Amino acid sequence: MGSVLKPGPEGILTPMPVDVEARVIRNTRLSSDYNVLALAAPDIAAAAAPGQFVMVKPGRGCTPLLRRPFSVFEVLRTNGRADGLTLLSKRVGVTTEMLFEAVEGDVVSCLGPLGRPYTAVDPPVEAWMVAGGVGLAPFAALAELLRARGTSVTLFYGARTSGELFYLDWFRDRGVRLALATEDGSLGDRGRVTLPLERALQRAAAREVMVYACGPEPMLEAVARMAASYRRRSEVSVERVMGCGLGGCYSCVVPVRDGPNGHHYVRSCLGGPVFAGDDIAWDAH
Amino acid sequence: MGSVLKPGPEGILTPMPVDVEARVIRNTRLSSDYNVLALAAPDIAAAAAPGQFVMVKPGRGCTPLLRRPFSVFEVLRTNGRADGLTLLSKRVGVTTEMLFEAVEGDVVSCLGPLGRPYTAVDPPVEAWMVAGGVGLAPFAALAELLRARGTSVTLFYGARTSGELFYLDWFRDRGVRLALATEDGSLGDRGRVTLPLERALQRAAAREVMVYACGPEPMLEAVARMAASYRRRSEVSVERVMGCGLGGCYSCVVPVRDGPNGHHYVRSCLGGPVFAGDDIAWDAH
Amino acid sequence: MTPDLSVRIGPLTLKNPVIAASGCFGYGVEYAGMVDLSLLGGVAVKGLFLAPREGHPPERIVETPAGMLNAIGLQGIGVHRFISEKLPELRERRATVIVNICGSTLEEYVELARILSDAEGVAALELNISCPNIKEGGITFGCSLTGTYDVVSAVKKVTSLPVIPKLTPNVTDVASFARAAAEAGADAVSLVNTFLAMAIDVETRRPKLSNIVGGLSGPAIRPIAVRMVYQCRRSVKIPIVGMGGIASARDALEFMIAGADAVQVGTASFVDPFIWTKLIDGIGDYLRRHDVARVRDLTGTIDTAAREKEWISS
Amino acid sequence: MTPDLSVRIGPLTLKNPVIAASGCFGYGVEYAGMVDLSLLGGVAVKGLFLAPREGHPPERIVETPAGMLNAIGLQGIGVHRFISEKLPELRERRATVIVNICGSTLEEYVELARILSDAEGVAALELNISCPNIKEGGITFGCSLTGTYDVVSAVKKVTSLPVIPKLTPNVTDVASFARAAAEAGADAVSLVNTFLAMAIDVETRRPKLSNIVGGLSGPAIRPIAVRMVYQCRRSVKIPIVGMGGIASARDALEFMIAGADAVQVGTASFVDPFIWTKLIDGIGDYLRRHDVARVRDLTGTIDTAAREKEWISS
């Protein structure tokens, strides 16, 4: 498979996905539930844009049966050439359990890159990335891309507790400003990540800002509404159960606005996972 | 679970089986299809008698769903105490594939010991063990037991080709005489293992002999008939697809003689896997 | 709080809802040394005809994705030997014995019920009108509404034991069979028996089972079985014993929430013969965690209202 | 020897027996960049009504042991947009297009058939009378013998395209539906559609699908589907398109040996979107290995005679 560009049916150009039996290079456990899995998948790594995802299946057999979607977290490079990628994974079920337990040399089937990436902005527009929990996943790659363009980047990052805020130094090292929140108040604001975000929006006055969000859906909704009320553009990465990741099954739909009150369902694996915050019909279900 | 003795419903005393999550100590590949897997399962190893089996399931999940039966090959001892066992496995499907690929530290669920063992004989009776292919499996443990009793042991061992005759030195080291056969003639007699067996029976004249057999069913039948025609006792270990290994499912039946022409089905996990060669109604199916 | 795990199947009270499924636990006695039979909600013994039966030749089972096929053909010792050879030990072990009975004719069911009603230590009769593996009788009742009605009412006339017809899933509308059973006076229904299925060895082009077809059980069928229990729950008021692919406490709870009063476990007990305490303890833990006092309060509590939105910082 | 992989589905000749199953391959065009559509035996596109449809709200799928449930609710763009927006590209890619049509009424099936008969590039019509996820129409035809007969004969009257009713497995006797279809003039039947099933989240006690129930597909159902194909083969002479859990060439061959003339693959193509050449090549290898000249010579060749004994030094 080359990397031919094709027009996605939901109206976006994506490189042709490839299916790679990727070897595990390294598995770093960040906590009792989170791990970062490094995979040798040069073709995918070279083609992936921030916000895109891969469909992953560890092991053979029927448990799990279907692939699962994961954002491309970091792109790994050797001598400047992309040769691997990492996944930031949170243990919630059978696949993530296997990713958590994976050891060097294991093979993980990896199909990608897939989906519509975030739209990178250039200076003077500032990039504000808003992450809830494992919603951090697309933002390492996005931060690198944006910083390479000289764009100012802030990460608003919320979790239950400070022990679940990862990669803080990684972002600081790349000149990313951090605004943190924890539900137990152990680091940053006590409460949700929308707290520091709203404060910043209040203070941002005339600055141009693009808000990127990834996290649980109610958070995405809150962020999109907040951005809109402050007249800022937003892009959110939605998380849907995906059967195929390729437009085949229609499992992954989100309600997209259709005039003032209507909506229609769009497959998030093709039309997303990244959508403009304004496009989603948040009230639809 | 202790090692209480209970009367098996098919009329035999067996120790209570235990279920052990056994760690893989070592995996030795003997060829592209055969391997010997060493498992840490002291309770089973200590209780197992030659000819008994364990019900094994590698991995979690549904592939495989059911356990599979394997003979206890060797009992491993440290300072004389049984602390592990090995399985001789031939790759034929999903479970044996996983056993072939297993690495140190993996966990294999192991239930046993199960079933009716071989009846060990004492001098002056000689023990003739007849193995076809992976049918070698029960005979390492049996040879050790018999040699410890001072019984003279001969192994008749057939396979397709010399590369599939394993553990020859192991048996020689323990004073076991070998009579080999290969279908391609690369070692021992060209042809089936019944060739050297019949020759030996012809020559054995007045010696008392007990014939033990394990291998494909047509071989067992041939051996049992041959032993009977030379008026020697035989015990054969039958290989049936087993759903439970405990008498619950009635999947594993063999036809056992019932008067001159009749037969009834006996569960080989309880009444066997070892049966007197004369007891099986070879013509029944 | 120690949750109350007892459930009622008509006139019968089980100490907990976990029953060993028929045909998957021998006559129970095979397991008596390994498992304390008195801890189980019940033991459904292997299907019995009046006379002993040899069953089908091997191969009798084959594994399939997340399931297995069986065509045992109801090998069994017949009701008389069961009563004389097995029942005394089951009684001694204080097992709650549910006898699964099979007939080639309506009369055979009636005769079996009569004989077992006189035996000591039988808690209930499960009418196997749903075995897919044998030609004569059984499933012909289970696939006909009047057949189901007739066999249940005939058996009810001759016994005071609770009567639990076991329904086949191989029908268009299982709930109508539950209704027929209820109208005929069944004390409960149990479902599902296995799905008629087959597997072929493509190298030899032969069926993998000697009987050509067999019954599919195991986790593979669970979602269909749960749906059938759900449909029956909305259709009848009598207790339902649910089964099909239960392999964990969570699976058992799924059946109960869908509408089952008790559950049976077959295939999964082949994989883990020590599953029983895990299931019973797991159900207890769930009840404690969810602050439910009695397991019977779970039955049929599926919430089909629209989901609400929750925001947790996942 | 290069084996002949072509098969005949009534008047239609497919270059090989491997078809992408409806609802599992979008409108085909989604895959056009990844898969050479002209290499497939056929592409069964997503079920179409006359009008566009929104389908059910999420969650629409959930994984189950060796299978998955779906309740998509036939979201679709309607037949007119299909003809104008998708069919031209499918034609250009030289796909053999099988259009899966759904109706709420008999008239809707007829109207769809009429419209599609006038469109260029449609090879056959598959009548979806078996979708378990929608309330109106469809499966009510598929669960009634006269309904099946009526819809097939009505459609046959208005089209010269091959007509392939797709049968539901949620019935007691699937072969009787195949017979009804054959008598009504169907060119072939396809089976199975999904099994009505459900899954419940025990923590919330809510169904996992918004539609409460959905259809079970994937390897879990394969043994039941194979049995149904086998039964239909012994009951009708028209071609059979078999499906349900096919994930390898061996699985496809199993269906053909049981009686299928061609096969469809759905769920497994989600796991491996590049499965098509693997299946086609695997079938070819098998034919070579077994010295079978034409794949169609395999259909229904199951050998149900007693097994012979073989002795290999295993």
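Read from first to last, the chains carry the letters A, B, C and D; within each, the first residue is number 1.
Assume a contact is a pair of C-beta atoms (placed from the backbone, for glycine too) under 8 Å apart; a residue touches a chain by one contact, two chains touch by 3 or more.
Note that this is a predicted model, so its numbers are computed, not measured.
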item	value
Among all chain pairs, the one with the most C-beta contacts	C-D
Maximum centroid distance from chain C, chain identifier (CA atoms)	A
Interchain centroid distance [CA atoms averaged], chain A/chain B, Å	55
Chain centre separation in whole Å, for chain C relative to chain B (CA means)	35
Centroid spacing, where centroids are CA-atom means, of chain A and chain C in whole angstrom	46
Shared-contact residues (touching 2 or more other chains) in chain D	65-67, 210, 218-220
Of all residues in chain B, the ones touching two or more other chains	62-63
Chain A contact footprint on chain D (complex, rising order)	23-27, 29-34, 46, 54-55, 57-63, 65-68, 70, 72, 75, 210, 218-220, 267, 269-274
Residues of chain C that touch chain D when the two form their complex	64-67, 69, 143, 170-172, 195-200, 202, 204-207, 210, 212-213, 216, 218-224, 226-227, 230, 245, 250, 253-254, 257-258, 286, 301-305, 307
Touch list for chain B against partner chain A, complex	59-63, 94
Complex interface listing, chain B residues touching chain C	1, 4, 6, 9, 16-17, 19, 57, 62-67, 111, 240-241, 243-244, 246-255, 264-265, 270, 284-285
